[in-house]
Amino acid sequence: MTITPAVKAILDKYESDNPGVKGNLARILMNGRLGGTGKLIILPVDQGFEHGPARSFAVNPEAYDPHYHYQIAIDAGLSAYAAPLGMLEAGAGTFAGQIPTILKCNSSNSWASSANQALTGGVDDALRLGCSAIGFTIYPGSEDVFDMMEEIKELSAEAKSVGLPTVLWSYPRGGNLPKSGELALDVGAYAAHIAALMGAHIIKVKLPSDHIEQKEAKPAYEGTDWSAQSDRVRHVVQSCFNGRRIVVFSGGAAKGEDAVYQDARDIRDGGGNGSIIGRNTFQRSRPDALAMLDKLVNIYKNAE
Amino acid sequence: MTITPAVKAILDKYESDNPGVKGNLARILMNGRLGGTGKLIILPVDQGFEHGPARSFAVNPEAYDPHYHYQIAIDAGLSAYAAPLGMLEAGAGTFAGQIPTILKCNSSNSWASSANQALTGGVDDALRLGCSAIGFTIYPGSEDVFDMMEEIKELSAEAKSVGLPTVLWSYPRGGNLPKSGELALDVGAYAAHIAALMGAHIIKVKLPSDHIEQKEAKPAYEGTDWSAQSDRVRHVVQSCFNGRRIVVFSGGAAKGEDAVYQDARDIRDGGGNGSIIGRNTFQRSRPDALAMLDKLVNIYKNAE
Amino acid sequence: MTITPAVKAILDKYESDNPGVKGNLARILMNGRLGGTGKLIILPVDQGFEHGPARSFAVNPEAYDPHYHYQIAIDAGLSAYAAPLGMLEAGAGTFAGQIPTILKCNSSNSWASSANQALTGGVDDALRLGCSAIGFTIYPGSEDVFDMMEEIKELSAEAKSVGLPTVLWSYPRGGNLPKSGELALDVGAYAAHIAALMGAHIIKVKLPSDHIEQKEAKPAYEGTDWSAQSDRVRHVVQSCFNGRRIVVFSGGAAKGEDAVYQDARDIRDGGGNGSIIGRNTFQRSRPDALAMLDKLVNIYKNAE
Amino acid sequence: MTITPAVKAILDKYESDNPGVKGNLARILMNGRLGGTGKLIILPVDQGFEHGPARSFAVNPEAYDPHYHYQIAIDAGLSAYAAPLGMLEAGAGTFAGQIPTILKCNSSNSWASSANQALTGGVDDALRLGCSAIGFTIYPGSEDVFDMMEEIKELSAEAKSVGLPTVLWSYPRGGNLPKSGELALDVGAYAAHIAALMGAHIIKVKLPSDHIEQKEAKPAYEGTDWSAQSDRVRHVVQSCFNGRRIVVFSGGAAKGEDAVYQDARDIRDGGGNGSIIGRNTFQRSRPDALAMLDKLVNIYKNAE
Amino acid sequence: MTITPAVKAILDKYESDNPGVKGNLARILMNGRLGGTGKLIILPVDQGFEHGPARSFAVNPEAYDPHYHYQIAIDAGLSAYAAPLGMLEAGAGTFAGQIPTILKCNSSNSWASSANQALTGGVDDALRLGCSAIGFTIYPGSEDVFDMMEEIKELSAEAKSVGLPTVLWSYPRGGNLPKSGELALDVGAYAAHIAALMGAHIIKVKLPSDHIEQKEAKPAYEGTDWSAQSDRVRHVVQSCFNGRRIVVFSGGAAKGEDAVYQDARDIRDGGGNGSIIGRNTFQRSRPDALAMLDKLVNIYKNAE
């Protein structure tokens, strides 16, 4: 497998990491149909933890089976598959070596009374399951965010030492941050920047709206037209060390295909590295999901 | 002891586990009168911790003696016996090798001011006592559930490494979850799914009612008739990785025999793996309990 | 599985061991066609280490496959199967839960320049592979025997703490001990006694001849007729704490069936617990081996 | 990357290993031009340690540069590249993710006064450098072989726990073994069998001659014609758990092309998994080496 | 301090090292009058350990004072100062931040009965004393070299993880290597290569003679004229990964100035990185030493 110049350019930006971390980033960036383009699509399936099984899978009951997700990620030629411990354990033997996996190491649930998550997996688990990265969520804004940051500081340091990169979900939530501000451009860019500052290798954020939430931040955004989503993506990428870190955007709740495609075009045009797209995948029938992922791959290949 | 195809099919689903874990699961699944059927009945005796001795045993004073429970589990041909540290220590020598045991590693009590439990046993204890698994309770919904999840994450990883599977009691309780919702179908399936995601090998939940508690979950359940208990069991099994994990259902408070038998038939018909049945066993006289367990075994053997 | 009085009587003699050790002894003593009799037949396959593959298996090429040995031990209804690390790893998943296994933790080879062995497995391996015991060889007489004894002291202590019994191969060899004395009655009884003194749970020695090797020991043996092999067995059993420890005898090189049967009758009549019989099993064709093992089982059952 | 049935069949034989180990074996078996065939060619460059730089590289001075070896392994489409610590460190960043690497963890040199090696790398090094396996040499026959075996026992157990397989070079040498016997068929098969018993995942031995060295082994080889090299390969494969372990054969000193090709055909026809071919690669000019490796790949693909 | 292209090119070759290691290498390479040239002169003062104080310092009694060496290294504008623990402790406070230091971590003495050294310093010492690297000696050829290699393997791994590079003195000595062969070209190149393979960052060897010691190596050296010392230097540099590692040459016993200068010119012309020059420094008077070092600096600057 010869690394393409596009991927080589990305790897070179991780200049403090050991070859193990670079090798695992390369494994993700060279896998699947987007392999070598510098773009990536990750399938995350942790919504069962967040929302429960029926809300996640009843619409497409095949998706109750962990093998379903491994298989669709492989068949669609995706870059990687991310899931919590039990989901990976239920397929890691059968699919060993077939798709890079990311162990999601913390998880919340619908009853959480604080904006926090529980540690549910670790670096030892990631190694024995053959994962290519660990994943973790922080909630900037939460009263518990310092605890979450300290957890990922420890976990990420351990992971780096054994050659595993960190994918950081950075979702503003909780504390004094109103619901209305969670998707604000300034807030999203800030959350992405925090992830970069924490030493994450791949940063996962939501697509931001054009709302500016923080009063103190408004002057910095005034005088620019933020109505184009691709421009907002570009600002988030800029906030991740001016493009020195991989940034992927989540798809959010299941929605119409056209909206999904437009999001991908905007991510691509704004310089984002790709999509991490769960519910919009597994809450469609398998043929519909494969058709949608095929089109997304083509968008990222600039073929559509 | 030749493994039956039914048991082999179950073991093959634990594809990330070492032969030690598989061997202990096989020990449980091949033991007693249901050995080889893929069904199991576990006797749990931790109610003394939960409710105190008199509430638990006064109705059948022989049951104050730990040997009583070992003996009835053996005589009834059950699959395994689960109890806290002291209960096992009081009989583990006498009954060594006669019945697989499960060390219940955390416990609550009647005065608990939070929905949490104390760690009261560990993997070292389980090994020195010759146990075939560890047991643990989490309370999804509780404000302390993240702590409980982090405890079992550590304990379960240690157990897996030395060949011991984990039985996870997942009982919704506490926090914002109203008492009325604890047995709701959506809540029970969610709790079972969380246990699977945590990497549990055997999942223990309560038989759910047809109530749907969570507003957000209602759409996922609408349009289906949930009045049959066997259908609700089937949904819980589906929520445990579509049947890739063993699921057993608890009997709850002592009740009439017919209700106990109907529960077992519904578990069986819904594809559940069996019952974990404590108070309904030891709060009956020994002859009555043996007769009831005999009938339950026959139900799971499809003989009644 | 109800323990028989015969097995219970044996377990009671291991009065300082924890229930984990007793449980694993019970697993071996209750397994297979001799289960419950207090007698046992163990299949050991470590001759590949000692003599190389062709000398061990060329006569019956199916035996090159590790699954062959697991399967014949199961099909013949033996008590346990003992082998080095790689041999167990190559079958432990397929046969998990079907036959108690013993991890042989040290091994020699044909080129060894000293009467010693290398550590090739450990307690962690035994746990992850689901073994019921560890096995180890010492060479009383060797200049290295103190090192070997110190190794098993450490290993056995660790094993006991996690519920694993120790099977100790005690084979006089090396140092000032002449080849002619290795099978002497006084030497064999002494070697067995050393194994008991080391804290072994199951002692494996060779059937002794009626030769008395040590000048100083001769007076103690004079005046007794040692011509009957069963009497010599009885003396070895006596030397293992007067029957408080399980003693099994090895079959040595492949030989005629009648000699094998006579050995078993003498072991039985002398109060030995059974045979550990490798080459005489796997160097016969599978039908012949099964027929021979069937007859041996019947001998130990007093049926022949 | 979908695993082929040929590779899946191999992975299934490693039934006691965790998904991490299986994934790394899959990485090697799916890489390069032989990816998916179940055959493999490994480039090992540790001769600088063994023989010094000039004896190794003067004939083709480009080979003094560690990048040269990475690049030729990639350009020739080989399965993996094996080298000592410093050699890997000098290229692991540049070539991260481009070729599976094997960290050779012990090494000898020309002045060694005993048949032994020094530990020069460890599992932590392998992880930080992103290696897919560790490599290690034992010298069956050596007076130090017990020490070497105990070193790899520890190292291999650690590697397995973090998902790294072990490649074991098993080269008879030293002690009472005469030089003339090092390549004997009985000795080579025995060395391969020892590697399998030690729990190695990939076994590397030399192509054996038809000489039988050990007097005791002669009867086991008599009556069979061992003049065909492919039959000798078949016997070595049989000695590695009847084909349950991957076996590769080393090329030895640089020699004529036709001899190299005939060796490969014999390895293929005898059921071996491939070649590990160092000096015959880097002691040729780059064009000649690429042409030779191209032909070897075709031989293993049954195309020549 | 802007890194020069010459130094940047060197640092880029340490592609598996973390920024801490690179930073310390840069500190040495950018210090003093040769800073930025890619050349370096190191002052080592460990001869007190090797030969005793009087043999080392009586000729220039100021040199008994550890401050003397720090001061002359600073005043002469050298790259770094290397010494054993006590020597550094006696000046590290006074001269903190004034000159990069290298803690020599093992040492021999005149009474040593084997070709080995004692560990006399560690990574913790190096950190608390503010050192820029650790130093270590191995004796290729010695019967103890495997032990020495295993010591530096451990020490170097620890050092790398905390950002400290390793300077490896590789001096052939002991075992079957005759005194006459210690300076042979093949032997010196081999020793340098071993240091590179061990993962050393800076390799220190002696200037080799044109003698070829090893019979097996002779063919690789035949047909080339090795009479020019600069060509021999070039071969040693080639043997250190074709120039991917820094190589410095030691001056040996005190000798005439002209010989010292010619050595430096040959090192420079052969592509070596510089000199490590102890006795030729401190066994001269301070003015003489400063004058000599000034001239050496100019030679490496190509100014003489």
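The letters A, B, C, D and E name the chains in turn, as written, and every chain counts its residues from 1.
By definition in this document, a residue touches a chain if its C-beta (ideal position, glycine included) is under 8 Å from a C-beta of that chain, and two chains touch if they have at least 3 such contacts.
Here the structure is a predicted model, which means the values were calculated and not measured.
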{"item": "Number of hops, chain A to chain D, where each hop joins two touching chains", "value": "1"}
{"item": "Chain A and chain C: spacing of chain centres that average the CA atoms, whole Å", "value": "56"}
{"item": "Chain B-chain C separation of Cα centroids, rounded to whole Å", "value": "39"}
{"item": "Length of the line joining the C-alpha centres of chain B and chain E, rounded to whole Å", "value": "67"}
{"item": "Interchain centroid distance [CA atoms averaged], chain A/chain E, Å", "value": "49"}
{"item": "Sites on chain E at which at least two other chains make contact", "value": "15-16"}
{"item": "Chain-level touch network, classified as line, ring, star, complete or other", "value": "other"}
{"item": "Chains that touch, pairwise", "value": "A-B, A-D, A-E, B-C, B-D, C-D, D-E"}
{"item": "Residue ranges of chain B touching chain D (in the complex, touch as defined)", "value": "15-16, 18-19, 161"}
{"item": "List of chain D residues in touch with chain E within their complex", "value": "48-49, 51-55, 58-59, 61, 64-66, 84-94, 107, 109-114, 116-122, 124-125, 128-129"}
{"item": "Touching residues (chain side chain D, partner chain C) in the complex", "value": "13, 15-17, 140-143, 145-147, 149-150, 153, 157, 172, 175-177, 186, 189-190, 192-194, 196-200, 214, 216-217, 220-221, 235, 238-239, 241-242, 244-245"}
{"item": "Residue numbers on chain D that touch chain A, as the complex places them", "value": "1-3, 7, 11, 18-27, 29-31, 74, 92-93, 96-99, 124, 127-131, 161-163"}
